[in-house]
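Accompanying notes for the structure given below.
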């Protein structure tokens, strides 16, 4: 492919810019906040804008990155603890903080590709933080989100009472810790793409979420896919990529 | 306690035999098949007769031990693979082999304490061997057993169709591999003592049953207890000890 | 079962409420403290009332949930650390705190089903917190409890001095950390259902309780069942379900 | 929901059958090959027909189950080793075996829902078996499949030479063992839903596929989801559910 | 044995006290500091007095236990952090604290059995705390101790310069973290009983001492034995029991 | 030390041979069976002669090494499976095979240092192979050995019946698999150096012996030391080194 | 870089071929033996020719790949078990098999870049297979190799007797299983780049080589680097890349 | 070797000092700051001066050790947290602190052996601390260093834009956390020795860096070697040893 493309560049039938674009690598970035390199063209390549991962950045780096990204109409930073969030809000006028989800938002939701509905289903109250992180990121990416909470399998009637609403969504995200039985039950009840998010809720053998992760991967209903423990952001991005196919 | 007891023996108010009996240690055993020491008094101390664990014994040792134990009216050996079983059957007239459960039986069921009903519930066809091991041992110990098979949570209706039968038992044993969601669902539907048996069914992360074990221990329904992976015998003994309280 | 039941509803031979009740799913709950959903009918379905798990709730959520549940005559919250407990006690008149067990209580013990005696046996002083959590929850559920402490196998005489008392109970809970040898010894001395609770006491290889858990599961005495590490609540619920069979 | 539904059944505004259908639990199954219970209605509930999992069944059970399912127009069995496959083929006229994918097929592809294109991308020659299992199952479920093989990141030019073809598919499945770097690179180059399948290829630390699984879950490109190790079937079902949204 | 012994008690040829003594279980203990049960007869049974394990006790419990044990001429408490130590010292006149070893001492060394020399050899400066805990406990138990520090294998000449001194001891304790190569080298140079103590020094793969533990157990020189990670106390007790044989 | 020693060699007050001997490194070895290098001087340095580890050698290599070592009066090879043993016996006149212990012996026991008595105590019949390997190696090294079998803690009376015999030995080796509770109980009953040998007996969580190893290391009785899983040879060598101090 | 390069192609100052070459991706390969894709240009890009990894290929695939690569003057295949090797030798005239190293060779050593000397040092006889795999591959890549065997740290004098020879090489590869102490000792004695290869030799905790791997990574001598368990090929390639810098 | 050497010392053809020097063990060290033993001759033996590992030392010990080592012209301490660094700087005139790399420097760079160029390549901003630790230590050891940051594989164009610069270095160090795909891609693009440094960046399965470590070891490009997690120092020392061969 490359040799042919370069020959066409030589012949003038393809411009250098078009050639570079086809290989999907436009080397356009600039330094922000010293060590943080933003990637404005990421959305062009992958359909998803850059989301600021706050855990490994200082408040100053977060604020600068969000200010830069906000030029596109809005920005979001995840994994921001309350103390750091106060500093970000002080430095970034108009920003707001969602403590349960540990998310800082600024600006609105930029124009996005059309997107089907996403159900974010949550097994227990302890999983609400991860679920809300997922829901807020999905909404920032342009998805309509249905939140369904506290429907663990120990009280099966709660889940059955909401199953029709869930079935009306195009994609289902199931957030569950401990033994993570919810997605197995859901997988037998709905025919939609289903993404499981294990959480680090629990103690003893379930601490750190490894049992929940294993249970999701080992689930007997084929067709469920899984993301990393507590990774609400990853589930949101995956769900949006899927739901965009539905329009 | 001991000093006082010995003083009473000295005084003659307690016989030596009674004293020994109270401490629960009657040292009566004899050598069988060289290295295998049988414990005829185990049933007196713990209510459960000796069950021959076949995995670590030769066919000759199994046959001799079963012949000895059969003098009490019947004997059972577990974890006997087909090749070894043939040799045991050749050496032990009247013995029979259950291949799925890997169990050799000889004689009948000796008189046992009265016992409530036990439901042995099985999530998938791959778990049937462990479930049957549990059911056969429970029956050998004198329990009436209800077998409920292939009621995994991916087809919830199958489980609900049998839930009334299960509720009529005093104790429930749930056998489940892979992500082991069955006991979580069962725990929300029945009010009986519930014992989970993880199985080593599966592949990838679920190989060896560690995920199933973890999921059972981490389950969100309090009150479920767990035995070792593939340990149908242990679940049967525990269930019988419990069910005997119900009469 | 379902089709037949629905036909009977149609025919009027079964009322809708009875039908719902048979399937065990009465969808009656209401929002308390925003995200905490109480399940008043849980006791009807499983025989055990809702116990407030304090670790993942704020003091305000705990207090509101306990106040709501206290309308039934009493409530209990577990895994409440001292700082949170002070806030709960300030918000909930009449509540008391047991620091060793990390339990907040309010009200009395509501009328419960009759229940046999439960022995809670503890190997070392470091295991007392988990043992007391188990004992207090069992008493709240209506069980008479015998506490036996500091009877680890390194001082076998201490255990033998209490063995007769333990034998007079219907169910035995053995709480043990480090190498958890206590249940193995107990299992050879008593003929009652025996539940092992591994604790996270120790350091080096025994940190987090995984060795104790493994030792309990691998124990050579068949019939012992196990709950999650430090799970005094789960052991109490299981023991009560079993002991209720004994009356 | 249930109470209301039952009331409508009572009133006659909903038939019992419709009620049962809404709850998604039509208890219609029948015994095949003794212990194997087929679920003909699974496709109605989840959109995916039953796939015979051959690893835990005898050749006779596989053949009977496939014969029964073939009445719908075709059937497929996975994880069938060569020896067992010969026995299945002898018992099931018209069946064929794909040794690399360990799959037995009989009949054609029944009419399915319309489905977008799926790219199955494979890092090394050792991963071809899992990749082909995924591709064949996806085709059986009605998906057009693009196979792209041997494009590991150590020879990046091979991957770049095929990237345009991959981009024209709606869903991408990346099969990779060892360090599983392929999905990370792919995730930066395509904007489609991406499913990673870790394989158990390798030795030393990578044996059993746990490193590949961890690398996929920890990948720095948000939006990739993962299935169990060697789970080509699960990836195929998930990909088909997603690709069906694209038409 | 027991039946015969009891018969002799009956006959009067053995006194009750002698009988109890033979079984090694004199049930003499009393409550100290509420939940802490001291075992004054432990030294009679096992040759080692009770050592107070401070990690799981309050300062008050430690002080009371030490005061009680000090009646025998001296007492020692291990795993006491600096803050707790200050409280113990305030409550226990004459006590002293060794911060590196985290040990509180009071009184002198009671008369002990004669004991051979023990070499405590330490690989790096980071292992000094564990080594000193071992040395101080061994001295409290009556052993003469040779301390050899900072002789890791990366500077082999340091070890060789001290090897003659080490060879003059009857027992060698080698304390080593990280990859724990020291005991392997020592094992080829000395012919004495050698006990390895892995330490939790390090980072990355060596964090928590599991690599050091594994390396010690896997060592190619037969005859080295191992204790738990950071378990200087256990190594001291084992070394003293061995060294007492040498006199 | 070295500089001084070399100066003395220069001065003639120490011969080169004596100097080399003091550093403990006489480089005297010769090639046997191609790749197997024997170390005749090992006994001089460490007090223990070379034992042939048969697992990683061919039958020819084992036979040649044993023939060479037999020139000192006797030789032993461990971990020899039955097939390999037949080949060794064919090549080595006078050799005998102990199948349970997987040991090949030839010649007698060369003159050894005097040595105290060693008790080898075994919890279950499945541990007998490892226990016998330990006992045979200890006897080859010159130790009188007391074998005590099948005294697991589930039948405590069996252990108590033998406790006086065990107490008369200078060193105790406890061989135990599964949950390995035996050494904990023994540690509270005897005052001798105690070495625990975990075995790989069991299934589920206890497979491979890791639970037994962890339980031994975490044991609550200070002073027990541990060797690698199934390492009867290592326990024998350690016990002999200790018991030699007792004479 | 890319945009500029393409502009130069457009301008004609760089030819398309030169441009492609600079990006290092000449897409020239062809199908061999169906699924095996050879990469003749790999040597141009990475300096190392393609080595046939035999474990995941059939004998026919290995023979065809080697025949193709032999056109460059010689070829090598690793991880070929004896049975497969016989089939390869039958199909590939002139090929030879090295059983210990599991390597098939054909042809000579093609002209290579000049290369410094490599010492391959081996701790025990059990590690010889991995060491020889490393040595043979390094020689095939053009390196002079010094083999030093059986110099484990338990017999330190053996290692010291060879240390001068080792120091004369430019790169040292240390192959060690079990506790892998050799590289730590070597690292303190030589100033050359040192590569550690953990092997899967051992049993109990050391099985599979994870302890050896951990010990190598945790080693206290900075500057040692490590490859995967049993990865003699990887160590050879790394050593050759390094040694080529030395000429 | 030793016997011969000692004979020559006797004969006077080798001086004692030369003999000692040849064995590489000059026992020259002196006590600094109580427990810290410096090794001035380390550089002579291994080519690398002593680097102060700050994590396990007090500020006073660090300052004293650096002052001593600074007599050679410069010193460096690693793993110094900010609080400890302030105390070191107060005690050591002229010292400076690099917070990101956690390094304290004093003096200049002493004269070193000539050294080739080293590229330190970093996948993400979170890995910068480890990368800078590596770069600073390499520069202190005399190497010219090229820093290349934020070139993770999710934005492949960033890496390709710098690939020519990287190729001009003699050795490449790749620092990468999470799934650590960077070295795999680099390994296919450059022909230089490549050292991978896994970092503990991430959460869920990637926490602690074990997935990154595994991915590096399992990488499909032969010839990459690996150091411990976060071990920038070890990578620097290894890279310098290699790069010195290139001059």
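Order of writing sets the labels: A, B, C, D, E, F, G and H. Residues in every chain begin at 1.
Simple rule for what comes next: contacts are C-beta pairs under 8 Å (C-beta built on N, C-alpha and C of every residue); 3 or more make two chains touch, one makes a residue touch a chain.
Values in this document were obtained by computation on a predicted structure and should not be read as measured data.
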Fewest touch steps from chain A to chain F?
2
Which of these pairs, F-G, B-C or E-H, matches E-F in more than half of the residue pairs in contact?
B-C
Over half of the interface residue numbers used by both chain E and chain H, so same, or under half, so different?
different
Relative to chain E, the most remote chain by C-alpha centroid is chain D
Chain A and chain G have mean C-alpha positions lying a whole-number Å distance apart equal to 41
Rounded Å distance between chain B and chain G, as computed from the means of their C-alpha atoms:
53
Centroid distance [mean C-alpha coordinates] between chain F and chain C, Å
47
Of all residues in chain C, the ones touching two or more other chains
1-2, 23-27, 124, 155-157, 160-161, 187-189, 204-206, 210, 213, 217-218, 221, 228-229, 231
Touching chain combinations (by label order)
A-B, A-C, A-D, A-G, A-H, B-C, B-D, B-E, B-F, C-D, C-E, C-F, D-G, D-H, E-F, E-G, E-H, F-G, F-H, G-H
Of all residues in chain B, those that touch chain A in their complex:
123-124, 152-156, 178-181, 184-185, 187-189, 202, 204-206, 210-221
Inside the complex, what are the residues of chain F that reach chain G?
24-27, 29, 35-37, 39, 42, 55-57, 198, 200, 208-210, 213, 228-231
Flag every residue of chain B that touches chain D in the complex, lowest number first.
124-126, 128, 149-150, 155-158, 160-161, 201, 203-207
Sort out for me which residues of chain F touch chain H in the complex.
1-3, 6-7, 9-10, 12, 15-17, 19-20, 23, 25-27
Touching residues of chain B toward chain C in the complex: what are they?
1-2, 22-24, 45-48, 51, 116, 157, 160-164, 170-171, 187-195, 213, 217-218, 221-229, 231, 233-235, 237-238, 240-243, 245-246
